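What follows is subunit A paired twice: with subunit B in the first complex and subunit C in the second.
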Partner chain A sequence: MTAILQVKDLKVHFQTDDGLVKAVDGVSFEIEAGKTLGIVGESGSGKSVTSLAIMGLHKGSRAAVSGEILIDGVDVNKVTEAEVNKLRGKSMAMIFQDSLAALHPFFKVGDQIAEAYQVHNKVSKKVAKQVAVDMLGRVGIPNPTQRMEDFPHQFSGGMRQRVMIAMSLSCNPKLLIADEPTTALDVTVQAQILDLLRDLQREFGSSILMITHDLGVVAEIADDVLLMYAGRAIERGTVRQLLKTPEHPYAWGLLTSIPKLTGAANAELLAIPGTPPSLINLPSGCSFSPRCSYKDRAKVDCESVIPELAGVKSNSSHLVSCHISETERVAIFKSEIALKL
Partner chain B sequence: MLTYLVRRLIGGATVMVFVSIFVFGLFFVLPADPARLACGKSCTPELMAEIRHALELDIPLPEQYFRFVKGIVSGRTYLAGSEAQLDCAAPCLGYSYQTDQPVTFLLKDRAPATLSIAFGASILWLLIGLSSGIVSALRRATWIDKFSQGTALAGASLQIYFVGLVLQFILVDKLGWLSSPGYVSPNDYPMEWAQGMILPWITLGFLLSAIYARLTRAGMIEVMSEDYIRTARAKGLSSRRVNFKHVLRAAITPIITVFGLDLGALLGGAVITEYVFNIPGLGKLATEAVSNVDLPVIVGTVIVAAVFIVIANIVVDLVYMILDPKVRLA
Partner chain C sequence: MTPLLKVTDLTKHFPSKNNKIFGKREFVHAVDNVSFELNVGETLGLVGESGCGKSTTGRLITKLIPSTSGSIEFEGREISKMKASEFKELRPQIQMIFQDPYASLNPRHTVGTIIATPLKIHGVNPGVDVKKQVQELLEIVGLNPEHYNRYPHEFSGGQRQRIGIARALALKPKLIIADEPVSALDVSIQAQILNLLQSLQSDFNLSFIFIAHDLAVVKHFAQRVAVMYAGNIVEVSDQVSLYASPKHPYTKALMSAVPSADPDALGARERIRLSGDIPNPINPPTGCRFRTRCWKAQEICETKPPLIQVGKSMVACHFPES
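What follows is the complex of A and B.
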């Protein structure tokens, strides 16, 4: 398997008046051809900042980006904006959460899609417009020839997100980055969009990087999952590994906090104690340690040493960064967590 | 679209009715007696009574207002049936107390000078304002931005009668690059017309461009942080295309609105500019009329200015409908 995208030790820091914000602090991962990686984390965990860094969209801003972002043999982080422009749209494309804000309000959707196609293909406006009609049809918009002439605000949320998808796939990119594409949509429309993405992925053979805070979306669409917390990757593995045998106490907290339909009606909702740390004053050591209920089970001082992301013994593709020993974690999982899942 | 236009025209007409009532009221609210004003220096009670009759000030007020409006719409006849019968063709706004000329004639006579000023100055301020605003926005926090914004601040703070006179002193009196400002008909003497107009254009253009530079800069910077600009970049568009197509298209819309209203206001008379450069336009006509308490001329200039502003508002809204698709359906 070849990796479409390789990210190595990515750091994105913002200098602000209050101090240095370490939005992303040393994240590495890769995505293989045709696969879907879900990056999961709560607000401020650095998942969107990571996706913008891959698109090179921090260029020209105050962000300091370091590390390697390899796509098509090009390190996005090392080349100029003009060089990245050759990759944007063609090698990698992006869809955003709020499709109303993400589409230009003054241009017809057909023209916006045709423009995306024309950037990378030397064709006439007429041909590009035909491509736009074709793409709108493929993402399931009825009467594409007429809808071409409409403006973004004339579409419903779900239809607009389809327009976004049509635009992003117009140049058949190898990698599609979807930054919370379903968050602003109704649950039924959400399912339609996820189905559409999966069908199109099969058709176009693209890899997908799905940014979300919704574990349901991940379960639905991802092959692999990267769990982020306070700008760092804390667990990585297949969807099955993450959802069935999670290793990190944060993952335990997330999964046990999902309410059960089968439980008692008055069952207490479980929550992770505390709040996410400030990205300016990250706790020394493991950033999750102040909220971790199991840190006394570790043999290392969680509050002073940062744990490495390392493979678990049973399966080296499942990585976790935790000081608690694997045997201890298995014991905790069996005795306390498994029951609540 | 058509219903909208009709609705707006009716709205505009309503505004004009109120304006006409208001300015007509001027005749009677002011302590000055119109008949006394028209009577002149060697006035006798008999003469005044005669004038009162001639100006139709001796009939009931609603009737007077009706005749006033009728005069504008379809013309009116003073002293009908008598020997001194006076036909005033529509749009009739009466006769100047000072010169006895029809107000409509005076307005028509003075309008070209004001149009000339507005025409040249508006092109100039739009060009300077937009380009310096765009450069500022694209080169934010560089010396170009600071220079351009500093100039804009100076422009917005200074007054025409200061900048105008300084420029006139330097460019006309000291360097002799320009001839003295003034107005001649562009049909007869196009070169002289342009030469006489350059100084008013530059002065007014510079001062008003300041506001446009700031508006453009602020608008561009705001639009640059919009999500759809990030999308445009994510599509792989060159930064030139992102800035000049996507950013400018969104940023320019509100500027067009301000431009239309400024132009409308200016067409009613560039009062200070005309006064400073001694250009015989509508603004100068208005100031002269005010200082002479020449009521019919005051009324005429106010109505003309109001008409321009009402029309400018309607035009701006129609243009906005074309520029902003979201307004189209509303």
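What follows is the complex of A and C.
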């Protein structure tokens, strides 16, 4: 299998008046053709900043981006804005969380999609408009010919997100980056949009990079998951590995702190104590160590040495960055965590 | 025993923004004939999607907005038609926690001032040292009492939500309306706040109306749950039977749409995909408001279904699930 996107040791740092903010600090991953990778993490974990770096959207800002971002053999990080622009549309496209803010309020949606298509394809306005009608129809908007003439505010939230998806897929990109595409939507509409993304992925064969904070959404749509905390990847594996046999104490904490629809109710949730660290003053060792309840089980000093992201013995595709030994982790998981999942 | 709160046929119609001076007046039917009861120490969850009227219901009960018709009885006293001056005496007993911890705290006031304001307005215990009382409240909600002089921007989202909770507790209320108190928070922080609310409930014997869109959070927190759709309550049930066997087709569809973090649950679950959007609240469908999207709808659904007892649930449907 060939990787559509390869990210190696990506770092995005912002110089601010208060100090250097290490929003993303050494993240590596790849996505294979036709697969979906979910990046999961809480606010401030660096997941959106990572996706903006892939789209080359930090160019011209104060961000210092280093590392390699290879898409179609081109390193987004090394080429000029104009060259990244050529990649946008056909190689990669993005949908954003807030569709009302991402669409221009003064222009009809049909014109906006047609314009995006014309930027990347040398066609007449008439052809581009026909593409827009086709795309709106394919994302399930009824009466696409009439709805073309409507403005973004005339659509409901779910329908507007469909318009964004139509625009992003109009040039048939190899990689679709979806940054929290369903977070602003109600659950029944979210289910519709996730179904749509799945169907379109089958039809267009795109790879999807799904940025979300919702482990449920990841379970529904992703093949692989990358879990981020304070700008670093701390666990990576298939959906099943990460959700059924998580290895990192942060992943345990996340899974046990979510209330569930099935099972006993009103039991106390196992909340993770404390709050995420400041990205200016990251802890010197493992960034999760101040909140970790199991750090005394490690043989290495978690507070001074940063753990490597390394494969677990039983399955080398499952990577975790933790000092606690694998046998110890399995024992903790079996005795304390598994029952609560 | 009189329930703490009894809401009967509560209705709120907002005048539509598109009303013309001489045209026919139109109304947004935000809440229509909503009835429920809440006992002391109990939590009633109000769930539904955006625009279903759950927040409006909360605001009607706290009298932040006046109701169009219907009654709200608090400890047997009708409050919906009370004047503000009469209601002031009851206000300390009904408090609210808001969704957005950024918008609901005045950025120019210190935390101490924010929490002390309700105490000052209602002149509670003038003899007691207000500062000491505020610091006790900060401690109860798990904040450092020394942070009394800090401003809201110095706190994280979860900590701000704790400040909002301390403010709601200041007057020792009996009923707290919590409007999406955890939906703006990350999951690890959300669990901390839910645990805090739960321990406060048992410590102070509080009753909650817990408004949320997240079914799993409501299941975790509430003993009884009312599901709302387009301004109506479609189902009320205790939390166990609602989730084990939803009776209203909408409840069933809503539950099947919730993504589960358990990969094994995905295949096992029956999926119902609703088509279309919620109806226009200016012109809601006659009869059952869900009939335009319901797969069971028949002619009879054009008449309004009464809320009837099916098993352990009250459900407003002509064809409830068995």
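In this section, the second predicted complex is superposed on the first by the 335 of 341 C-alpha atoms of A that agree within 3 Å, B and C clash if a C-alpha of one lies under 4 Å from a C-alpha of the other, contacts with A are read in each partner's own complex, and residues count from 1 in each chain.
The criterion applied here is as follows: a contact is a pair of C-beta atoms (placed from the backbone, for glycine too) under 8 Å apart; a residue touches a chain by one contact, two chains touch by 3 or more.
The structure displayed is predicted, hence computed values, not measured ones.
> After aligning the two structures on subunit A, examine subunit B and subunit C and state clash or fit.
fit
> Thinking of the overlay built on chain A, is A:K260 touched by subunit B (first), by subunit C (second), by both, or by neither?
In the superposition, A:K260 contacts subunit C only.
> Thinking of the overlay built on chain A, is A:F106 touched by subunit B (first), by subunit C (second), by both, or by neither?
first
> Let me test your reading of the model: by the given contact rule, A:A93 touches which partner, first (subunit B), second (subunit C), both or neither?
Touch status of A:A93: first partner only.
> If we overlay the two complexes on their shared chain A, which of subunit B and subunit C does A:E326 touch? Say first, second, both or neither.
neither
> Consider the C-alpha centres of subunit B and subunit C from the C-alpha centre of subunit A, and write down the angle between them to the nearest 10 degrees.
70
> Quick check on the superposed pair: does A:E268 touch subunit B, subunit C, both, or neither? Answer first, second, both or neither.
second
> According to the stated criteria, A:V239 is in contact with first (subunit B), second (subunit C), both, or neither; which is it?
In the superposition, A:V239 touches subunit C alone.
> Is it subunit B or subunit C that touches the larger share of residues in subunit A?
Comparing touch counts on subunit A for subunit B and subunit C gives C.
> According to the stated criteria, A:H213 is in contact with first (subunit B), second (subunit C), both, or neither; which is it?
Second partner only.
> Considering only touches as defined above, state whether A:T188 meets subunit B (first), subunit C (second), both or neither.
second
> Quick check on the superposed model: minimum Cα to Cα separation from subunit B to subunit C, whole Å please.
When the complexes share the chain A frame, the smallest subunit B-subunit C C-alpha distance is 7 Å.
> I'd like to check the shared interface: which positions of subunit A are touched by both subunit B and subunit C across the two complexes?
Looking at subunit A, the two contact sets are disjoint.
> Mind pulling up the subunit A residues that touch subunit C in the complex?
42-43, 156-159, 186-192, 194-195, 213-220, 239-240, 243-244, 253-255, 257-262, 265-266, 268-273, 275-276, 341
> For subunit A, which residues are in contact with subunit B within the complex?
Those residues of subunit A that touch subunit B are 55, 57, 81-82, 85-90, 93-94, 96, 98, 101-107, 115-116, 119-120, 151, 153-154, 167.
> Sort out for me which residues of subunit B touch subunit A in the complex.
The contact residues of subunit B facing subunit A are 226-228, 230-239, 246, 249-250, 253, 323-326, 329.
> Can you list the subunit C residues touching subunit A in their complex?
49-50, 156-159, 186-192, 194-195, 198, 213-217, 219-221, 223, 239-240, 243, 253-266, 271, 273-275, 277
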